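Both complexes below contain chain A, partnered by chain B and then by chain C.
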Partner chain A sequence: MTAMRRDLLLCGLFACAALFWPMISDMRYSVTQTTFFFIWATVVVQWNLVFGIGGIFSLAQVAIFAIGAYVTAMLGYYLGTSMLLAMPAGAVAAVAASLVLGIACLRLYGPYVALLTICVSQVLYVLIVNDTDCFTNPPSGCMPLMGGVRGFSRFGDLGFRDWLGAGFYIGNYYVGLLLLTAAILFSIAIIHSPMGLAFRALRDNPVYAAARGVDRFRYQLWIFGLSAFFTGLSGAFYAVNTGVVGPVVFSFQHLLFLLSMIVIGGIGTVWGPVIGAAVLMLADEAMRELGDFRDIGMGLLLVACVVLMPRGLTGLFQDMARRFAKPADTEGAT
Partner chain B sequence: MTQARETPLLSCRNVTKAFGSLTAVNDLSFELAAGEVLGIGGPNGAGKTTLFEMISGQTGVTSGTIALEGRDITTLSPVGRCHAGLARVFQLNTGFDSLTVRENVLVAAYYGRAPRRMPGLRVPSEVGDRVQDALGRVGLEASADRPAATLPVIDRKLLMIAGALAMSPKLLLLDEPVGGLTQREIDRVADVVRQVAAGGVTVVLIEHVMRFLVQLSNRVMILHHGKKLYEGDASGLSRDRDVVEVYLGHGAGKEVARMAADRAEVRHVG
Partner chain C sequence: MDVFFQILASGLTLGAVYAISTVGLALVFGAMNMLNMSHGALMALGGYMAWFTMTGLGLPPVAGMLVAVLVCAGVGVLIYLLIAGPMLRSEGFETRVFIATIGFGAMLESVILMAFGPQPKPQPLAVQGGLSVAQVHLPVQNLLILALAMVLMAALALLLQKSRIGRAIRATAQNRDAARLMGVRVGMVYALVLAISGGLAAVSGITVSSLSSLLPNMGGDPMLKAFIICVVAGLGRVPGSVVAALFIGLFEAVVQYTVGVRFSFASLLLLVIVVLIWKPQGVFGRHQGVRL
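Up next, the complex of A and B:
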């Protein structure tokens, strides 16, 4: 249980440090960018549970995120639902969609899961973009059911604008921090639980694990559904925070950006995805002025990381820690 | 016990497994009463391991039925068979290499007894006790926190048995539990198996080490080309001309006769 205590302590330290960031930084831009970091880190922490811990090569996380965002925006836009209700509703819808998808694809293995899940998210994208029938016809122009190419805007917020005025973004910052902290705590609980143990056993030897009573399909479906809750909730919060939801959330580029975070940070670890998200967002920020070279730069960074540290940054840290503390070489990998 | 005699614990009826034109197990039928120890021998390729694969569910049968306590388990998944009370120890040194010894047994203790529809966040203390008990029964408490990959061969075999015991099985399938071990190590495994059997667990074991097979089994079955060549008391093995010709050879035949006689003596004295 010491590994779990350590992770909980780190999580507490991280949350406490992040509490003070808006007070130290008086630049609005850095605070709102950190809010986006919370959103993407939440998505990749949950994706890591599916991909790194559960061993499911799923690319559906972006679609699940988008479902959370769309359901929230649509409830607000069409029904005028309060965002406090629409956000959990979006998360629940994401779980339901994820379970249906899981039942369909978890009979498959490895790359076939990836193919099926990427198909689903691309089909959703095409359906939304190609829908040109007007569902309603407000003064601002024809509005297809799923928003079409232009997407949704002005569907509501969490009320920080009325309460904090120009400083509303700070309210969103703390909601984002709460979201990420909850997502990390959930991830720690799963990784150190009997379910985490079952997944490690399945990765070591699936036939032997089945002969010891571990039902692969059942626990993969559980992790698929459970991780969709925070993924959908981060999608819902993305919608509220940005104020706009469009088909761009389904884009392949977006998916690769998030997947790179897990790979660079370290697959299958508690902290890898969080570190990866921070590093990639900083790198993206640093290359902002470079125009087209930005994508090339991101690509080079990814290739360099995969070649030089296949186990990601956390793997590198572990190796370094082991080298410095050779005599006390007893601690296992997280 | 009387009720168990009415319904056999394990019953295989006309079990056949064909891989294309090769019939690995051919129309085999046998029954096993609760508390029995059945030893299965036979030359390589006789279909012993294939028979185990079918009983524990890793391979489906081509035809025939397998029943555990009268319940047809022929189409049940390997996981379902675990929960029905069946535990198998594999021939090769199988284990979860990145897990510690304790975690290896914990997987079996937590998941192997009954279906966990919703896995919990913590290990109940009752499961922890069962892990400790299983480790104690095979004598691996001292290595509990070592990674399974670092264990010597004998301990890996014992670890597999500990995992099986943590599932509290009704039927234990042992596939060559002492293959490649020294005489001393064989005796250690034999002690463990003897105690398990004494505790009321029914055991089926496959083994080439005849001393182990003869000493532990109430009944011996020899397979050849997927068919039953011999079934009966160990003392009859050396008198059966087919078994001697096909499997034992004349020298080993005499050895087996002596071992069977020793065993009979021990039984009378005990």
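Up next, the complex of A and C:
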């Protein structure tokens, strides 16, 4: 079984198992939390393509996610666009924004890229929050162009509320599942495609790869743009699912939460980000009772994981599997 | 003409504040290729320590400054012992230490939030009053900050250029392995560099909070600006970053006066993008050839 077949099989198994979850669990809370897991996992899987596979230390993924969410919400709010149209529009806008950003920052290396991208997302946050000029003046109060501190609400949904009534969240659950499954399939396809091979070549021996005509800038720009599509789409779905989009999606805590997922799960693997997203959602849930200690716990978890397990949970699993497999191998050899 | 001098005065003050925090970051990056993302939290810690010593314990300002610097230097050493040290020789150090210090900074900020609460507090280590020279209003605090920054920069330059420790720091920055072979205790140097940087962060936190007020997350913006200055100067260039800090301070003062405070951060970012496209190594950065 090739690696690609294995990944596809796992993806299929995961999707099938997830199909039955709302039927087993009759608690609304666990279903909606799983929907959030789908959204975050989609973002992290795409971020992993940029960070782990493309080797670009970009922290702009959260900003791209937020752009997808904002464009969707603004189209719905100002123009009354149907969400079915606004969501892909948000994703396309995210791709466009990410390409512009990519052209500006992909000439740089390593930490320079991280600094520049983090500054971009912070500047967007500051510009939105400090905007107090009224763009429109609805009865609910002054509305700046980008929503200001309050953000947007009541810009439409996918129509599940009319169709399923109180069970509308189950409709959102399946849309989320579809989104994540598509994102994982996309990630598997990229990792096992010629582009994935090009990145592996660039990582293993940059000079030889360049000599064979592998253009680093071009491939990195490609992956930057491609990964932005599902990131933007998940942002758009986040907007539709929560019904509110505010500047909080740009915030540093949010960035930290998602970055922890990818680091704890394992950078550069197909399943690491998904596992990381699940683990952090559960850890977040477990620490919810702790109040103020929650943020400290999250920071501690991140630091401990980076220091103690550089390759994340998937790396840990691989090491353990190798240790168990080794005695059997040596027996076979003798 | 008065406006010109007013902008010059506030721009230089801003630049001095930035220079103090930027130099700490540049020193750490120059010596160990490490971007310390918990610098902002260290600044907040320094500000709060000064507040605690003076308002809480009722000690004089000198003690407040001293306690803040010592505590932050201690936390700097802690960062070396717990985070940077263990992963120093591993693969992908730059990326991993970046992420780990983000986590550490978030942790430190939450601890400060828990200990001192979310309400803004005034910084007691500040001097009221101002001087008026030819219709230009100069708060004494600003002059004090300028003087403090100059003294600190001179002391740091003296330390780096003249002392034995400074030579060890520069040698380690140039070539870690060669320095070790010459008998430099590299671990000590790294711990020391982080301690100096922590101390500078404390001073910077006190000056920043004396111009506005104390908040647990007050270090975030100055830290990002300090990083922008580092990038403009070229990461790890200590003297260059002082020049860049003064320039950026003036630039920001001009933008705040002409376009508005709202756009100062955004225009700084635009500036850094232009600089990076023009000179990817920074204005004072050396072009590093790729060795095969």
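Note that in this section the second predicted complex is superposed on the first by the 325 of 334 C-alpha atoms of A that agree within 3 Å, B and C clash if a C-alpha of one lies under 4 Å from a C-alpha of the other, contacts with A are read in each partner's own complex, and residues count from 1 in each chain.
One rule holds in what follows: contacts are C-beta pairs under 8 Å (C-beta built on N, C-alpha and C of every residue); 3 or more make two chains touch, one makes a residue touch a chain.
Predicted model, so just to flag it, every value in this text is computed and none were measured.
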| item | value |
| --- | --- |
| Chain B versus chain C as contact partner of A:295, first or second or both or neither | second |
| Broader residue contact with chain A after superposition on the shared chain, chain B or chain C | C |
| First (chain B), second (chain C), both or neither touched by A:189 | first |
| First (chain B), second (chain C), both or neither touched by A:263 | second |
| Touching partner for A:222 - first (chain B), second (chain C), both, neither | first |
| Which of chain B and chain C A:214 touches, first, second, both or neither | first |
| Which superposed partner A:200 touches (first chain B, second chain C, both, neither) | first |
| Footprint overlap on chain A, where chain B in one structure and chain C in the other make contact | 207 |
| Touch list for chain C against partner chain A, complex | 35, 82-83, 86-87, 90-92, 94-96, 98-100, 102-111, 113-114, 220, 224, 227-228, 231, 235, 262-263, 265-266, 269, 272-273, 276-277, 280, 290, 292 |
| In the complex, chain A residues that touch chain B | 189, 193-195, 197-198, 200-201, 203-205, 207-215, 218-219, 222, 332 |
| Chain C partner contacts - residues on chain A that touch it in the complex | 57, 104-105, 107-108, 110-112, 114-116, 118-120, 122-123, 126-127, 130-131, 207, 252-253, 256, 259-260, 263, 292, 295-296, 298-303, 306-307, 310 |
| Parts of chain B lying in touch with chain A, wherever the complex brings them together | 56, 58, 77-79, 82-83, 87-88, 90, 94-100, 103, 106-108, 110-113, 115-123, 147, 163, 167 |
